[in-house]
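These are the structures, in structure tokens.
First chain A sits with chain B, and in the next complex the same chain sits with chain C.
Here is the complex of A and B:
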């Protein structure tokens, strides 16, 4: 085992594999920065280039690219409030709020450091979990996966606003997200639901234009209203100074970083949930780490824990998602499904062979994640001063550029003008939600989880009738969901009692 | 303002979910199970929020989310919000009419000169830089296809 581990490292460090990894990192760096250009799409675009490569070179290229996309996606999310990737939207809530307070450097430092720690956790999980993961994954059937989706939604809906009324709004937003997820062709009966008789809506609402509109348009409007730069009147020298403060924040909140990294890994290895879920679950957990309701009010206003949680989860999920992909040939998400295609193109069959005959190749994947993240984080730190300076650029110079990126980012998801229209509609919805004090995070999670939850609910009912409600893991998850919903009320009651 | 907007959102969600429930009745059980499971509680939650706004006395709940800046007078904020909305919609209309390549240049230049009050030389140079970035990356490097605008006879893109 140790031999294979070291052999995996040596394979990645071969000059050809290393050069391909650098090329992948370069592509992934820019793909992450640009809104709308997704990591999965780019993986698919790059797949034809691997035909003539050796397996280690091909995976160094593909995985090197894929494992840095989320890291650089955080940069766009924090600096401009525009999600660089669908998987980096949660970090906007606190990261961009920090940038507007003149703490872009600190937010980026925290995001990069937590991303790096998250990537290491994911890679370690991949290395350690291979022999023990099989029974764990196999205990999760459709009922458990449905309940996991419900727990995720309960987390974010109950924790993203304060008080009973805030919780109603959280669940309203989450319910709206679930409802919107039903737009499109129903997977069981083939009925076109809520498509307004348009072909575009048959495939459902695409996540990218929805996210870009929901988060970027309100920020653009606010930037125009303020008439200043993103960092407002914060003194120019201060912005990038906090970088190491951000890194220290990760170590100050070490256990939160580790827990969110583990959440990301777990979501990653659970087939079908995907990266967009991991970040919101981690955000919900970070919110839960606030000890009082007063402390929780700081989330969304620039609490560094709201950056650290999603940052760690976003990168750790990659290692987690590789586990079922390699061990069982069951991809954890869209990107892993494309990577699985890469396995077959190269003549490798995921399964027992990858854990025996091709073990060094499997460990080379672990090393690729680690080395690619080290290189990206170092490159980002070197460029941080220039990147954070962008928050001091006057708003009237940024607005047209960001608008161009937002519209192109939306358009590129399906090459349809309707995507831009969807962005504008969700931009208006996002703006009104912000004005009314409704949380946007549950809406996004509902939209992401809707289709998954429906599929798992249907399979559970079809296969077990209502007996699935009595399965032990389902009961445990149900108790967790109820606990999560009651948690803010219990916390408020304890706080009231403590204050007499 | 927050309460009125919340009431508006709640009413829109009530209408949406009512439409969702009504439409679902025609579908087979497989297709309507989940929509009904979601839309019925959603309707009642939205109704609860609407009643809360109309009759409730509790202060507005704050969300763990981004807050709009409040350092401008309400009238200025409203005017600038409408202006920003106008620019975004105007850009979309430009894209439809002229296609992406021309609309990007036209929008950036117009924004800089009209809204940003920048000089002509700076605006031309800045616009050219943005346009070459757009063209180099999306057209030359990524080979993305941007349809012609409707004014040039290409009614595609939707």
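Here is the complex of A and C:
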């Protein structure tokens, strides 16, 4: 075991594999920064390059690229409020709010440090889980996956403002999200639901145009209305200074970082939940760390914990997602499905063999994630001064550039003008939600979890009738969901007691 | 009039010599393969593999690129090929093999006539089989047919072969199957098989082969196909209780012969179509491509454009009562 662990490291450090990894990192860096151009698409485009490579070189290239995308996606999200990737939207809420306060440096420092720690946690979890990976993944059947989606939906309680009014708004927004998740051809009867007689909506609402509209457009309107730079009137010197403050923040909130890293790993490990879910559950968990009502109100206004949470989950989920891909040949997400294609191309058959005969290769994957993240984080730190300076650029110079990025980003998801229309519609919705004080996070959570919850509920009932309700893991998850829902009330009670 | 025939005789070799210059050359041009799906799936992967090797077999060695136009289970891409793309040989399209079914059952949004495309042919054919867990007491088709208890089959949803093939076995042949749909992918169903949530799944033989080799599942029955490896498996149609049931099963499996369809826009000149047909036939025989496709575990096989049109004519000329009956079971999807 230890032998394979070290062998895996040596495999990655061979000069050829290392050079290919650097090439992968370089590509991934830009893909992550540019909104819309997704990690999965890029992997598909890069697949033909691996035909003549050795397995370790090929995976250093592909995985090096893939594990960087999420990290640099955070940068776009924080600086401009434009989700660089569908998986980096949650970090906008607090990260961009910090940038607007002139703390872009601190936010980026925290995001990079937490995503680095998250990657290490994910890789460690992957390494440690190898002996128990098969029983672990097999425990999670459709009923358990449904309950996990319910736990995710329960986080709506944490993502809404406190008080009766805030809760009602949160649940209504979540309900709208669930409703939007229903759009498209349903998988049980094949009926087209709410497609407005268009072919575009047949396969459901695409997440990228929705997220880009919902988050980026309100920020752009805000920037135009204010007529200043993103960081407003914050003094120029201060903006880049906070980087190490941000790194320190991660260590100050060490256990939060670790917990969110583990949430990410776990969601990644469960095939079918998808990366877009992990960040929101981590964000929801981060808001639970608020001790007082005032602290809770600070989330969304630029609390650094709102950056650390999704930051840590965003990269750790990649380590987790590799587990079912390697052990079962069942990809944990779209990117992993393409990596799986790469496995076949290289003559490796995912399955039990990868955990025994090809164990060094499997460990080389773990090491690639770790090393690629170290390199990226260091590279990003070198560039941070230049990057944060962008928040000092006058709005009227920045807005046209950001607008172009936003529309290209949404258009690339289906190459259809309808993508842009969807972004505009959700942009208007997002703007009014912000102005009226409605939370957007529950809407997104409902949208990403709606289809998963529906399908697994259907399968659970069709397969087990009602017997699935008695399965032990289902019961445990149900208790967790109730706990998550009641947590804001406990929080409120605790803060009252502390004050009274 | 003698001089005229003499002139004709003199010009004849010239005309013959001029013939080769009629072969269109794509030198310096860029050819686009329009894929009706997002990057990442089987249709996309096949197109990208062909794009690497087609240039070697097309006159003038053009550049071949892949463009994705997803949506509406690739109806959007097919509509574009039919109504917008120019018939100049610079755009070729590939889309969902079940689009003839969409046309037949008059799915909303279809703005094409499959028969009017200039067919290059198909790059692969697919054989759908049903496989069930090897630890079940049913070892073959005869035993499965006599099963008293429901055998649970996981599916991705209507319109996919994971769903429609077992549905017809259940409804037309009376096999005791319980179909549970809603899994996000066929790999996802495989995991459900592994944790014994479902007892088996239907799907292409190539996608099930690794699991058959691992002895997780056992192949039981297949649809009509050209795949030689699984010739010995019984064919669903041969157990049909009446001609109508047989016609419905045949109709469902017909598009599988043209599993990776490739077309040119309608009214493409015949010489361009011929160039493409020849290029596809040669590319798919190219040892370099074969080596790659075997590595990627796809089985590529060229079915000619004429053969494809024959299959389409068969599908699209079904009498109304069969079509009505068919639409009760099978919906267009995926």
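Here is the rule we go by: the second predicted complex is superposed on the first by the 491 of 500 C-alpha atoms of A that agree within 3 Å, B and C clash if a C-alpha of one lies under 4 Å from a C-alpha of the other, contacts with A are read in each partner's own complex, and residues count from 1 in each chain.
To be clear about the criterion, contacts are C-beta pairs under 8 Å (C-beta built on N, C-alpha and C of every residue); 3 or more make two chains touch, one makes a residue touch a chain.
Note that the structure is predicted; figures quoted are calculated from it, not measured.
Engineer: With both structures superposed, pick whichever of chain B and chain C touches the larger number of chain A residues.
Structural biologist: Ranking chain B and chain C by residues of chain A touched puts B first.
Engineer: Please indicate which partner A:188 is in contact with in the superposed arrangement: first for chain B, second for chain C, both, or neither.
Structural biologist: both
Engineer: Quick one: is A:222 in contact with chain B, with chain C, with both, or with neither? Answer first, second, both or neither.
Structural biologist: first
Engineer: Is A:349 touching the first partner chain B, the second partner chain C, both, or neither of them?
Structural biologist: second
Engineer: Is A:197 in contact with chain B, with chain C, with both, or with neither (first, second, both, neither)?
Structural biologist: second
Engineer: Just chain B (first), just chain C (second), both, or neither: which does A:264 touch?
Structural biologist: A:264 sits against neither chain B nor chain C.
Engineer: With both complexes superposed on chain A, which partner does A:414 reach: first (chain B), second (chain C), both or neither?
Structural biologist: Only chain C; A:414 stays clear of chain B.
Engineer: Does chain B (first) or chain C (second) touch A:310, or do both, or does neither?
Structural biologist: In the superposition, A:310 touches no partner, neither chain B nor chain C.
Engineer: Go through the superposed model and pick first if A:399 touches only chain B, second if only chain C, both, or neither.
Structural biologist: First partner only, chain B.
Engineer: Of the partners chain B and chain C, which touch A:424 in the superposed model: first, second, both, neither?
Structural biologist: first
Engineer: Both chain B and chain C contact which residues of chain A?
Structural biologist: 186, 188-189, 200, 415-416, 454, 458
Engineer: Name, in rising order, each residue of chain B that touches chain A in their complex.
Structural biologist: 1-3, 5-6, 8-10, 13, 16-17, 20, 23-24, 27-28, 30-31, 33-35, 37-39, 41-42, 45-46, 48-49, 52, 56, 58, 60-69, 71-72, 76-77, 80-81, 83-85, 87-89, 91-92, 95-96, 100, 104, 107-108, 111-112, 115-118, 126, 130, 134, 137-138, 144-146, 157-158
Engineer: Which residues of chain A touch chain C in the complex?
Structural biologist: The contact residues of chain A facing chain C are 40-41, 43-45, 47-48, 51, 137-139, 141-142, 185-190, 197-200, 202-203, 271-272, 324, 328-331, 334, 337-338, 340-341, 344-347, 349, 351, 414-416, 454-456, 458-459, 462-463.
Engineer: Show which residues of chain A lie in contact with chain B when the two form their complex.
Structural biologist: That would be residues 34, 81, 92-93, 96-97, 159-163, 165-166, 168-172, 175-176, 178-179, 182, 186, 188-189, 191, 193-194, 200, 217-222, 224-227, 287, 296-297, 299-301, 306, 394, 396-397, 399-401, 403-404, 407-408, 411-412, 415-418, 420-421, 424, 427, 432-441, 450, 453-454, 457-458, 461 of chain A.
Engineer: Can you tell me which positions in chain C touch chain A when the two form their complex?
Structural biologist: Against chain A, chain C makes touches at 38-40, 44-45, 48-49, 52, 67-73, 75-76, 79, 108-109, 152, 154, 156-159, 178, 180-185, 187-188, 190-192, 194-195, 197-198, 210, 214, 292, 295-297, 331-333.
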